[in-house]
Structure formats: structure tokens, C-alpha cells
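Since the structure comes first, as C-alpha cells, the remarks are kept for the end.
So that you can tell them apart, the chains are marked A, B and C in the order they are listed, and the count of residues begins at 1 in each.
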Amino acid sequence: MAAAALVTENFKFVSLFFKSKDVMIFNGLIALGTVASQTAYNVFAFDCPCSSGRNYLYGLAAIGVPALAFFLIGIMLNNSTWDLVSECRLRKCWKLSGATAFALVGTIIGRAVVAPLTWVVISLLQGQAYTCALSEFVDPSTLEDFPSGQELEVMAKFPCQGSVPMELQGFWAEIERRLKYESQLIGWLLVAGMSLMVFLMLCMKRCYSPLGYQQEDYWSQYRSNEKILFQRTATVHARLLAAENIKSFFGFVALDKEEREQLAEHQSAS
Amino acid sequence: MAAAALVTENFKFVSLFFKSKDVMIFNGLIALGTVASQTAYNVFAFDCPCSSGRNYLYGLAAIGVPALAFFLIGIMLNNSTWDLVSECRLRKCWKLSGATAFALVGTIIGRAVVAPLTWVVISLLQGQAYTCALSEFVDPSTLEDFPSGQELEVMAKFPCQGSVPMELQGFWAEIERRLKYESQLIGWLLVAGMSLMVFLMLCMKRCYSPLGYQQEDYWSQYRSNEKILFQRTATVHARLLAAENIKSFFGFVALDKEEREQLAEHQSAS
Amino acid sequence: MAAAALVTENFKFVSLFFKSKDVMIFNGLIALGTVASQTAYNVFAFDCPCSSGRNYLYGLAAIGVPALAFFLIGIMLNNSTWDLVSECRLRKCWKLSGATAFALVGTIIGRAVVAPLTWVVISLLQGQAYTCALSEFVDPSTLEDFPSGQELEVMAKFPCQGSVPMELQGFWAEIERRLKYESQLIGWLLVAGMSLMVFLMLCMKRCYSPLGYQQEDYWSQYRSNEKILFQRTATVHARLLAAENIKSFFGFVALDKEEREQLAEHQSAS
């Protein structure tokens, strides 16, 4: 039932996103969707192996692999990527000035990086993956009264409370707290750094733009109108061409009434 | 399930904000959204490290970083910021008189400061972060019968009730109460100071405005009408220009009936 | 879940207030909103420090600061305040006769005082803040068999039942009852005083008014009609002016059919 609810929830987001093309809503939806899926993942998946060497790999995979997947999906879903690629192939890349190329790549990466960073921040704030990955690297000599001569293997057992040897059970809370503190502090610093970076980028973009605020608005409206009209006109043009070619093969072409009207109108216009 | 509810809740806020541009609703939504996220944070994240030196850093990050993020988001979401920036860039800043610049910057900062202050006040009223951050600075000599010669490290353990040594367990309630009292008192003083400041600012704004109350009302109606008509007309203008450019590329342009009427009407008018 | 419910509850209030401008609903909403926030506060915040000197300050802040905030908000939300201020600024205050000024200021303060008094009365009827603030001022000699030579510090511990020394535990119930009795009595007296005052004010207002009951009714109907018609006409006037200015900028203006009819009609009339 929970899964069904989650799916409908996500579905509402997706449909809303396809209705409104606003960039800010889009980024907000990405972030919210990531939060929801991160919660879902933690409910049914994270399980530390508590074994030296494996811990690190597992924690890294649990944080890194979804982040990588989100990053690649973000790049693939962005139309600008494929615009840039075909531009490069047809007219050679060196026709783009350095600043334009930088701005384009920056925009693509910047939008693709929202989801993975949200994932990493939430993982760090929850602290489970970090605790699992780094417990074996805690230096036992920094703990008061900790029996010396303990190997990595024992330190690696701390994330699973049930597997810690009885004589070290008293240190569990302290190690847990210390690792969670580091994890959350790194998470918060990441949030602070991201906020500042986004703010500075936006300031720079606005300061070096030759257009004022209202002009920028008009320009974005013009572009979206042009895109819509271009696609609609291209569709009609392609249908017209196809109809002519079929006609030259069979001698006539079977169009339904609506298509015939549409084509007749634009044929006479062209 | 709680996370999903939270997400839908936030989503309703966001959509409502995008529908109604009223400033007061906007500020109210900011405050409510902050409350919701603060609650969310406390559910899954606050966990005092209970270790001298770390406590202070952790409490500071937990209060300060979200406040910073909210502040920067508030500044970025405000259109006036970018109006001011582009105004400065295009016509040089020194064309703005001192008083106007002060009023503009004041308005921008004043609106951006609502969310971070709400966050700080709620954090202080709950008292968790303050208790964690300052427990190591409690002077043991102010407590009756407290064994002397205690180091910082022991005082830092007080926010985690389970880690306090048995012989000092009796002092836990008193230290907890004292820190929570300080935290809440500071929170209430902040609320009082803010209310007074807002009241004085509003009074000053009204006293130095050259317009009476009814005139101010008419003026705000005129501005909102002008904004709406400007945007609607700019949209039509952009569509007209796009249609002309597409027509010169394909030889014709595929408009639906409604668009064609609209464009014909305004083309003849211009 | 409780937080989400609270948020939706508050939100319904806010939207209702923005729909209906009726004064009584407005006051009722203020009172209800105050009750809701008072409850919310008591759920997560009131926590007596139980320490001499701090108790008094804490109780005072917990009752006084929200009352102050509500009072200032009440004054700021009242249009009459700003009418009075702009009147004073434009035509000098001494043009208002003493009686008129008194009546105007009285109305403004009277309406702003509803929320803070509700807060104070509820706080007193609950008795928590009063008990906390005044327990150290209970005179031990008025209690039967109370061991003499007790300092303030011990009396201040009574609001926290767990911290009272074992030998005085028997007096806890008596002190608690006595303080709660005083708190509630003051609260009820406040309610009685307020009711009488409101009644007398209303009587006085009617007695010194030069108009009879039916005339007062006619007069209030005239005022509300004038206000509605003034605002509606001002709205149309502002729209007309905005449309003209936009037309001179773009060469045409995009109005929808209803607006065009409205403007054509009033343009010919003016």
C-alpha cells in the first residue's frame, strides 16, 4: 500500500512537471522527488556488513551509485546536452567561443547536479552510510580507557550494535555519536557551500548579462514561443512532404478530412 | 508515510504561493514552511555529539546553516533583487539617491530575513541546539554541592542523559532546566525585539511616505494592473515576432485558430 | 502528523480571513488563532527553570512577549491606524478635536487588545506561568507546620515536583493549589472586568452619539456602500490608466473581452 501511495505521489509530481515548464518548480520537484526516494531506500535497503574492508566499499556504493545514476539521468533528460553534441559534430566545436561553451556546459552540469547532491546531503544528515563506512578508521587511542591492541576487524563491528564484544559495549554510544556528528557536520557544510555557490553563480550570471530583468523575461518568452511554433510548423511541413511523395508513387493519397484541410491551407500559403 | 504527507503539504504551499502573489500570504507561507521543515529536521536529525569542542560546532551548524540557506533563497527568489542589480549595471548605481537605495535594500533584506529568524526562534524555543552547544560552558561552581575539579569533558556529556556519570546524575535535571531557560528566554526576547522593530519600520515607512492611505492603495492597484497588462502584452508581442520569423523560414506558419485571430487583431492594431 | 494538522488548520483560518473582511469574523479568528498557538506553545515549550530570580523573568516573558507581539500585530493590521497617521502627517494633528482623536485611538487600541488579553486570560486560567513565576514569593510562615528558615531557592523549586526535597514533598499539593487558585481568580476577574468595560464603552458610545439607533444603522450602511463603490471605481480607474500607458509603450494592449467592454464604457463616460 505504501509503495502504491509512493508511486501515485511521484506520478502527480511528474505530471505537474510536464505541465509547468518553470525552471524553479522543476528544480524543486527534482529535490522533493529525491527526498522521497531516499526515504524509500532507507526503509527497505541499508544493511551494514560490519566487516573490515567491506564496510568502506558498501558505504561508498550506497552513497555513490545512486548519485551517479541521478547525475547521468539528469544529463540525459536535458535537451541542451544533445543540442550541444550535434552542434559540435556539425560545425566543429572550435566555432563556439570559450565563454559560451563554458556557460552551456555549466548550465547542463549545474542542473544535473541537483539530484545527486540532494541524495548525498540527506545520506550524510541521516549518517547511517558514513557511520558504516568509517567506523574502522576511528583511532582507538583517542577514546578514554579503550583496551589497546584492538584490530580493525573489531572497530568495523561497531555499526552493528549486536556484534560488538561485551567488554566494548560501553564505547558503542560514544563512537556512534562521534561518527554521526562528523557525518552531519559534513552534510551541513555541504548545504552551506552549495547555497553560497548557487547564490554567487546567479549573481554573476545576472551581472554579466547584457539584458535587464524585463528584457530577459521577454527573451525567454520569445524563445519558448519560437520553439513551439517551430515544432508545430515542422510537423505540418513533414506531413506535406510525405503526402506529396506518396502521391507521386500511387497517383493519389488517402488523407482524412482534417489532414486534407490542413494541407490545402498551408500548401496554398507556401 | 509521514514523509509523503510532508511532501504533499509542502507542495500545496508551493503551488498556492505561485498562484497568489500577495506579500503577506507569501511571508506567512515562508514562516509555515520553515516550521514544517524544522519539525522534519528534528524528527530525523538532531543528535548531540556530547564531546567538548564538537558540541559547540555542531549546535552552531544546526542553527546557522539552515538559517543561511533560507536567507540566500529568500534573496534569490525576490525579483526586486535582480531589478536592482540590472538597474545598477545599466545606469550606474550613483543615479539612485541614498534614501531610495536604502529603502530598496531594506525591503529586500527585510523580506529575506523572515524565514531564517523564524528558524532561529523555533530552534531556541525548543532549546535542543542551545543546550547541546553551551552545556560545557556551565560553571560547576554555581551549582550547589557539585564535586569540584570536573573538566569540560564531563560538563559536555550532560546533554546525553545516558552518558552522565552515576554520581552526577542528580544534577542533570538542574543543568537541563537552566540551559533550556536561557535558550527560551533568548528566543522570547528575539520575538519581542523583532515585533518592535517591524512595528517601528512600518511606522517610519508610513510617516515618511508622501502618499495618504487611500492614495497608497490606488497606487498599488495601478502597479499591479500595469504589471499584468505589461506581461500579457509582452507575451502577445513575443508570439507575433516568433510567428513572423518562423514564417520567413518555412514559408508558412502553423497557427491554431485562436492564435490566428489574436495575432490578426493585434497586427492590424500595431 | 500533528504538525501537518496544525499547519492545515492555521491555513484554513488565514484563507477565511482573506475572503471575509467582516470585523467580527476577524476578531473571532484572532481569538481562535491565539488559542491554537497558545496550545501549541504549551505542548512543546513551557518548562519552568525552578531557580530563584529566573522563575519570575521566565514567567513574565512567557506571558508578556506573545501578548506584546499580538498587540503590535493587531495595531499594524488595522487600517484605521494608518488612516490616522497619514491624516496627522498631511493636515497636522491639531485639526482633530480631542474627542475625535480619543474615539479613534480608543477604537484602534480596543481592537488590538483582543488577542493579547485572550492570551493573558488563557495563560492565567491554565496557571502554569503564574505558578512558576510566583512560587518563590509564597510566605512559608502562612503554611502550617512548614519548617522555618527556608530560603527563596527552596520555594522556587516547588513548580518542578521532582526537585522538591523529600521532607517538603507534603507541602507541594498545598502550594500548587494555592497558586493555581490565585492565578485562576485573577483570570476570572480579568474576564469580568473586561466584559463590564466593553459593556460600559458600548453604552457610552450610544449615549453620547448624536444619532438614534435607526440613524446609526443608516449611517453605517451608507459608509459601507461608499467604501465599496469607491474601491470598485478606483480599481477601474487604475486599470484604465495602466492600459493607456502600456498602449503608448507597445503600440497595442492585450485586453480580454470583458476588460475591453468595461474600459470602452467608462472611457466614453469620462
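The definition used in the following text is that a contact is a pair of C-beta atoms (placed from the backbone, for glycine too) under 8 Å apart; a residue touches a chain by one contact, two chains touch by 3 or more.
Everything quoted here is computed from the prediction, not taken from an experiment.
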Interface sides of subunit A and subunit B: same vs different residues, half threshold: different
Chain at the geometric heart of the assembly (C-alpha centres): B
Computed distance of Cα centres, subunit C from subunit A, in Å: 46
Between subunit A and subunit B, centroid-to-centroid distance (C-alpha), Å: 24
Residues of subunit B engaged with two or more neighbouring chains: 230, 234-235, 237
Touching residues (chain side subunit B, partner subunit A) in the complex: 1, 3-4, 7-8, 10-11, 14, 18, 44-45, 47-51, 54, 57-58, 61-62, 65-66, 68-69, 72-73, 75-77, 79, 82-83, 85-87, 89-90, 160, 162-163, 230-231, 234-235, 237-239, 241-243, 245-246, 249-255
Subunit A residues touching subunit B - in the complex, by the definition given at the top: 2, 5-6, 9, 13, 24-25, 28, 32, 35-36, 39, 125-127, 173-174, 177-178, 180-181, 184-185, 188-189, 191-192, 195-196, 198-199, 202-203, 206-207, 209, 211-214, 217-218, 221-222, 225-226, 229-230, 232-237, 266, 269-270
